[in-house]
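Next up, some structures in C-alpha cells.
The following pair of complexes shares a single chain, chain A, combined with chain B in the former and chain C in the latter.
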Partner chain A sequence: MRYVLSKIGLLLLTAWAAITVNFLLPRMMPGSPADAAIAKLSRNGTVSPATRAAIEAQLGVPGGSLWHQYVSYLDSIRRFDFGLSYTFFPQPVSELVTKALPYTVILVGTVTVLAFVLGTLIGIGAAWKRGTWMDSLPTLSGSFLSAFPYFWTGLLLLFFLGYQLRWFPTSGAYGARTLPGWNGAFVSDVLAHAVLPALTILITSLGGWILGMRNTMINTLGEDYVTFAEANGLRSRTVAIRYAARNAILPNLTGFGLALGGVVGGSLLVEQVFHYPGVGYLLYNAVVNQDYPLMQALFLMITISVLAANFVVDVLYGFLDPRTRR
Partner chain B sequence: MSLLEVTDLSVVYEPKGAEPTYAVKDVSFALERGEFVGLVGESGSGKSTLGFAVTRLSKPPARISHGRIVVGGRDIAGLADEELRRQRQGGFAMVLQSGMNALNPVRTVRHHFFDIFAAHGHVDRRRREARARELVAKVELPDLVLDRYPGELSGGMRQRVSIALALSLEPQLMVFDEPTTALDVLVQHAVMRTIRDLQREEGFTALLISHDLGVVLESTSRVMVMHDGAIVEDGTSQQILHAPEHPYTQMLLSHYADPRAEVVELPGLAVRGGTISTASTRSDDAGQDGAVAPAARPSAVRAGAHRSAAREPVVVDHVSKVYPAPRRGQARVVAVDDVSFRLEPGQSMALVGQSGSGKSTIAKLVTGVERPTSGTVHVGDVRVDTLRRRGLRDLRRQVQMVFQDPYSALNPLHSVEYTLTRPVVNFSDLRGRDARRRVLDLLDLVGLSPVEQFAAKLPHQLSGGQRQRVVIARALACDPQVLIADEPVSMLDVSLRAGVLALLEDLRVQLGMSMLYITHDLLSARVVTDRIMVLHDGRVVEAGETAQVLRFPADPYTVALLDAVPQPGRAGDAA
Partner chain C sequence: MNPTPAPAPASTAAVPDHAPSGPAPLWRTAVRGLATIWAVPKARLGLVILAVFLLTALFAPLLAPYGATDNSFGRNEAASAAHWLGTTAAGEDVLSQVIFGSRISVVVGFVAGALATAVAVLVGLSWGYARGFLADVANFVVNLFLVIPSLPLMIVIATYLQNSGLAMISIVIAITGWAWGARVLRSQTQSLRSRDFVTAAQFSGEGSWRIVFREILPNMTSLITGSYFGAATAAILAESGLSFLGIGDTSVVSWGSMLFWAQNSNALLTGQWLLLLAPGLCIALLATSLTLINFGVDGLSNPRLREGKGR
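Now for the complex of A and B:
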C-alpha cells in the first residue's frame, strides 16, 4: 500500500501547486477587472474618484500583503467561497457551480465511462476476429463517426431526432412544466433531456476507444505469451480476456484518465448546442461576460478534477499492472 | 508405431499484397517414442515454421498448405480449434524461443499453472497447488516462484517456468524452439542440462530446434539438418558429426572448434599467435552474404592511406564505475571494479564475460559515453574521462564502435550511401564527389561490391551479414585508431560469422588499428585477438595472451565459460 500512499502524496502536492498557481496567475497579469470596468466607463467621460472607489470595492480589489492575500485565499477555498458572480449577481459562485456540476458529471461522466467500456469491448471483439466483418464494420464506422465534430453530430441529431421525429426534447436539462425534485416525473424528464447530448458524445467518442483498443490488442495478440497460452491449450476466451485484453487495456487507461479529467470541463460545445445547464455552459457564459470569479472557480475545479482522475487511474494501474507497484 | 509422423508437409506464407512463399516444402519425417531429436538450420531455413506447424501454432500469414501431421495415430493437420485444444493436454507442447516474453506479465506464475489446469481439468482441484509445486521443483526452482510475477524473475528462471508449464500438459511430444538462445552463456548451459535430464526422466519425445549445431549435437541422439525449407540430412548425431554427407552440414560443422585446442581454425581464419591466413577458403562464406573477400585490393590500400601516421595506445588505469542503487534500499551497482589495461597500437584485445560482467561498461568508458567513478582513461595524450563536447567529438575521430545488433544499428529510412556519407562529411573535408568516392571506397573495403548497387540500398534490402559490414564501414569512415567491436557477430548466422570476423581482422592489420573485441564467445576471441581479459562482476579475473589463457585457464570462472562452449564432439555424452 506504499504505492497508494505515495500516489496520495503526489495528488496533494500537485493540488496545492495548482491552487497556488491559480492564485498567483491573475495577480501576475497586468490590469484587473476593476481597471477594465473603469477604462470602459472613462470612454464616456471622466470617472470620479468616488466612482472608482465604489467599483474597486464592488469588485473586491485585494489589499494587504501577498502573503496575507494567499492565506485568506486558501481559507476561502476551504469554505468553498469563491465570491459573487458578476453575470448572475448576486448569486454566489459556489451556488452556481454546485447547481451545474451534477448535470455535467452525471451526463458527461456516465457517457465517458460508457463509451470507454463499450469501445473497449467492441475493440477486443474486433481484434480477436480481425480480418472479418466483425473487425471491419466497427472499425470503419467508428473512424467515420468520430471524424464528425461534436457540434455537427449534435445539430444533426437535434434536427432529425428532435425536430423532425420529435422523439426527444431539444434543449435544457428538464422541461418548463416539471419542478425539480426527487420524483419519477422529474427523473424521467431529466433522462429524456439527456438522451440527445449523451448520444452526441457517445457517437463521437466511441470510435476512438474502439480503434485504440483494437490496435493495442492486435499488438498484444502477437506477443509470445499469447502464442504460448494457445500452445498450452487454454480456452480461447481465457486467452482473449485474461492474456491479450488484460495487457492491451493498460495503455488505454491513460487515455481514459485524461477523458475522465475532462468531464468537469464538460463538453462545452455540446452543452451549448443543447442549452444544457452544465459546467460547460456555465464556463461559456462566464467567458462571454468576463465573469472573473466564476471563471477562476471553474478553472480551479477543472484542474482539480483532472488531477483527481489521474490519481484514480494511477491507483487503478497499480492494481492492474504488477510492474508499476515495484 | 512412431509417435509423430509428418508426411509431405508444406507451409506457405501468404502476406497480403505479396507473392506467397513456401517456407517448408514437402517435408516428411518421423519421431519415435522417447527420442530426442535436433532440428538445425540457419535463419530462414524454415525450422521454426516447421516447429510451429507440427504443434499447430502457425498463424496468418503462415498456413499449412498440405500434408499430414499424425500424432499418436491421429492426424492433427486439419483439426478444428476446440478439438485441437483438447488434444494439447497429453499431446504436444511447445517451449518458445524467447522465454523472456512467454509469460503473461500481469499474472503470477501460480495463475499460469492454474489456467492450464482449469482449461483441461486434468488435475483435481485439491491437487493443483501440490502439482504446481511439483512441476517447478522438476525444473529446479523453489516454491516461492509461484507467487512471483514474470517481471520479478530472471531470464533463465522464466524459461524454466515455461518448461514447467509445457510439462504440466503431460505431453508426449515437446518441441523446444531455440529454448536457450536469448539467455546468458552459463545460464544457457544450465537450462540445456535441465532439458536433457527432464527428457530422460519423463520420457517424452523431444524436438530441439536450434541454429546452433554445437548445442544440438551435445544433447540429441539424432539430428535433422534443414536448409531452404527442406530437410537435407537426417542421421544419428555420430553420423552427422563424423561423416556429414550434405555440403551444407559440412559447412555448418566447419565453424565449430574448441577454443582450448592447440590449433584453432575456422574457415577463413587460422590460429592466432602466428600468421593469419587470408586464404581463399573464405570466398565461400563471404559468398553467403553476397560479399567478396576484401583482401589486398588496391582500393583497400588507398582507403587506408588516409590515416594519420601516429598510432597511440589506449591506457585504462584503475577504473571503477559505480551506478547508484536502482531502487531505494538496494545496493549500488559496481559495474566495473578497479580495472587497468593497456591496448597497444595495432593490438587486438578481447574482453570476455557474461552479461553484467562489465565488459560493455568498459566500452562506454573508453568511448567517453560514460565517465568513470574513479580512475583515468587515456587515448594517446587525450584524457577521455574529463572530455566535454568538443573534445568528445574529436575523440570519435579516433575511437569508433561496431554494435551488436546490425538490425537496429542502421536507420531503416536512410540508404547505405546516406548512412556512410554522414560520418565522412562530419569528420573530413571531403564534399560532393570526393565524399561519394570515399563512401564507395569504404564499401569496397568491407567487401560489398558492386559498390554502386550497395550504396543505393536501404537496410531492409540487406542481409544481416551485409548490414554488419555497413556498420563496420561506417565505423571506419573517419579512419579511427581504435575500433571497439561489441559482440559484432553474435546476432549473425554461424556461416556469416567467420566472414565478418575475417573482415575485422584484415582491416585491423591493413589499417593498423587496434581493436577491443567484446564478446561472450570464446571461440571467436581465440581467432581474432592477441590478448584477452576475462571479466566477472566487474573485476578482471584473468588476463594474458589469448591462446595461453584459453588453453590453460587458471580461474574457475574462465573454466566455467569454456565448459559452456558447445562442443559437437561431446555428443557421445548425451547419446
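Now for the complex of A and C:
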C-alpha cells in the first residue's frame, strides 16, 4: 500500500510539473498567441487598440504578474476550462478534446497491448533460438520495422490496402452513411475504419518490443538459476518460459511505460494520415491553424494520459515484482 | 584546458615505451572501434548502408539528374527513362528530390544526435556521480523528460517558433531527446563510481569534475557511441515526422516534406506509389543502418550480445 501511495505522490508531482511546463512554454516563446491572431487580422486592415484588447481578453491572455497568471491558470485547469478554440470557434476546447480522446485512447491502448504481447512472445522465441534464423529473422525485420516512420507505414497501407485493393475504408472513424449508436452496423463500421490505423501502429511498434524482450531475455539466460535449471535436466520449454522469460519480462514492462510516449507520438501522425478523428488529427488541425488554446490543451491531455498509463504500469510492476515494493 | 593526454589505463603502465604520442592514439582507437563494429555482420551491413547515404548526401549535385526544385517537367508523371521515379504534382523530378533530401536527414541526424548526446553525457555522468539532493532533482527532471511524449512537445515548441529553420528544428529535437541517453549513462556511471580506480583517483586528490570526465568517461565510450546512434536515429525519425506535418520550412526538400506534399497533392489518388515509397524507404533504411551499427556497439559493452555464440 505504501508503494502505491508513493506512486500516487509521484504521479501528482509529475502531473503538476507537466502542467507547469505547459504554462511556461508559451510564455518562454517569442511572440504571443494574441500577437499571432492579431497578425492574421491585420492582413485584412489595421487593428485598433480596442480590438487588440478585446482579442487579448478573449484569447485568455491575462494581465498581471506571472504568479497571478499561474494561479488563474491552475484554477482554469481545475475547472477543465481551456478557453475557446480559434479554429472551431466558438466551441470550448474542453469539448473538442473530450470528443477526440476516446478514439485515440481505445485505438492506441488496444493496439499497444496487442503489440506488447505479440512482440514479447516473438522476443522470447528469438532469444531462445539465438544464433539461428529464428533469431536473425525477427531481429533484423524488427529493427527494420521499428525504423519505419509511422506515417509512412500508414501511407503505404492506405495506398495499397485502401485505395488500390479497396479492402478497407480510407478515412475517418465511421462512414458518412452510418449513424452513431450502439447497433451492429455502426460498431462494425467503426471497426472496419480502425483496421488500417491499428495495423499501422501494430506493424511499426512491434519491432521495438521484439528487440527489447530478446535483449533482456538473453541477459536472463546467462543467469545462474537458468544454468541450474538446465543442469537439473528440466525440459527446455520449462526453462525458457518458467525460468528465463518470467524474469525477463519485468524489465521489458518498464520499457512499456517509456515506449508508450513514442507510440502515442507516432499514432498522432497515423491519425493525420487516416483523418482519424482522435487527438492527433485534432492536434494537427490546431497546429495548421495556429490554434494555441487547443494545441496547449491537447498537449496537456496527451501528457497526462501517458503519465496515467505509466502509473498503471508502475503499480502493476509493484505487484509482479515484490522487490520494488520495499 | 589541460593539454596532457588522458591517463593511460593501469595495465599499460607496465608495458614500456611503445606508447604512441601525438594524435595517433585517438585515430587508432577510432579505427580499432570501427573494426570491432565491422566484425559483427549486422553492424557491417549498417555501416555499408550508412556509407551509401553519406556519399549520396555529399555528392548529391553530381548524382542527381536535375535540381531538387526544378519544376519544369510534366506533372504527376509516372516513372520513365527521363524520370526514374516519376515527377511530383508540382512537376519536380522525384529521384533528384530523394537524392537531395538525403542531405537534410543526414545533417539533422548527426547534428541533433550530437547535441542530444552532449547533453546526455553532461547530465548522465554528473547525475550518476552526484549523491543526495541534487541527484534526486536530476532524477525527477530526467524522468519528466522521459515520460512527456516527445513528438507532441516538439510539435508545440516548433509551432510557437513559427517557420523555424533546420538549425532550430535540430535544437528542438535535441532538447526533447536527451533524457534516454542520460538515464543509460547514469546507471553505468553509478556502477563505475564504486570501482577501485575511482577510489584511487579520489584519494590522490583529483577533483570530481576531473574524475567524472577523465577517469569515468573513457570507460563508457561504447555506451556513448551507442546512445549517439540511438539519438541520431530518433532525430532522423522526428525530423521526418515534423516535416510530414508541414512544421518547419516546407519549401526545403527533405524526405518528410516530400511525403507532406505527396499527401497534400493527392498522390494517393494519382497512383504514384513510387513517390510514396522512395522517401519513406530512405528514412527507414537510414534509421535501420544506425540501429544495425548499434548491434556492433552493443557487443563492445556487453559480450553477451556478441553474435555467433548460440546456446
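Keep in mind that, in the parts below, the second predicted complex is superposed on the first by the 276 of 326 C-alpha atoms of A that agree within 3 Å, B and C clash if a C-alpha of one lies under 4 Å from a C-alpha of the other, contacts with A are read in each partner's own complex, and residues count from 1 in each chain.
One rule holds for everything that comes next: a contact is a pair of C-beta atoms (placed from the backbone, for glycine too) under 8 Å apart; a residue touches a chain by one contact, two chains touch by 3 or more.
Source: prediction; values computed, not measured.
Contacts of A:223 after superposition: chain B is touched, whereas chain C is not reached. More residues of chain A lie in contact with C than with the other chain of the pair chain B and chain C. Look at A:303: by the touch rule set out above, it reaches chain C but stays clear of chain B. Using the contact criterion defined above for the overlaid structures, shared-chain residue A:117 touches neither chain B nor chain C, since it reaches no partner.
In the superposed model, A:233 lies in contact with chain B only, and not with chain C.
Of the two partner chains, chain B is the only one that A:243 touches; chain C does not reach it. When the two structures are aligned on the shared chain, A:295 is found in touch with chain C, with no touch to chain B. In the superposition on chain A, no contact is made by A:12 with either chain B or chain C. Of the two partner chains, neither chain B nor chain C is touched by A:66. Overlap of the chain B and chain C interfaces on chain A: residues 131.
On chain C, the positions that touch chain A within their shared complex are 42, 140, 143-144, 146-153, 155-157, 159-162, 180, 233, 237, 240-241, 244-247, 256, 259, 262-263, 268-269, 271, 273, 276-277, 279-280, 283-288, 291-292, 295, 298, 302, 304-305, 307-311.
Interface residues of chain A, counted against chain B in their complex, comprise 131, 223-225, 227-236, 238, 242-243, 246-247, 320-323, 326. Of all the residues in chain B, the ones that touch chain A in their complex are 55, 57, 59-60, 81, 85-89, 93-94, 96-98, 101-107, 115-116, 118-120, 149, 151-152, 162, 165-166, 168-169, 327. Of all residues in chain A, only 13-14, 17-18, 21, 25-26, 29-31, 36, 128-132, 135-136, 139-140, 143-144, 146-153, 155-156, 158-160, 162-164, 215, 218-219, 221-222, 257-258, 260-262, 264-266, 268-269, 272-273, 283-284, 287-288, 290, 295-296, 298-299, 302-303, 306-307, 310 touch chain C in the complex they form.
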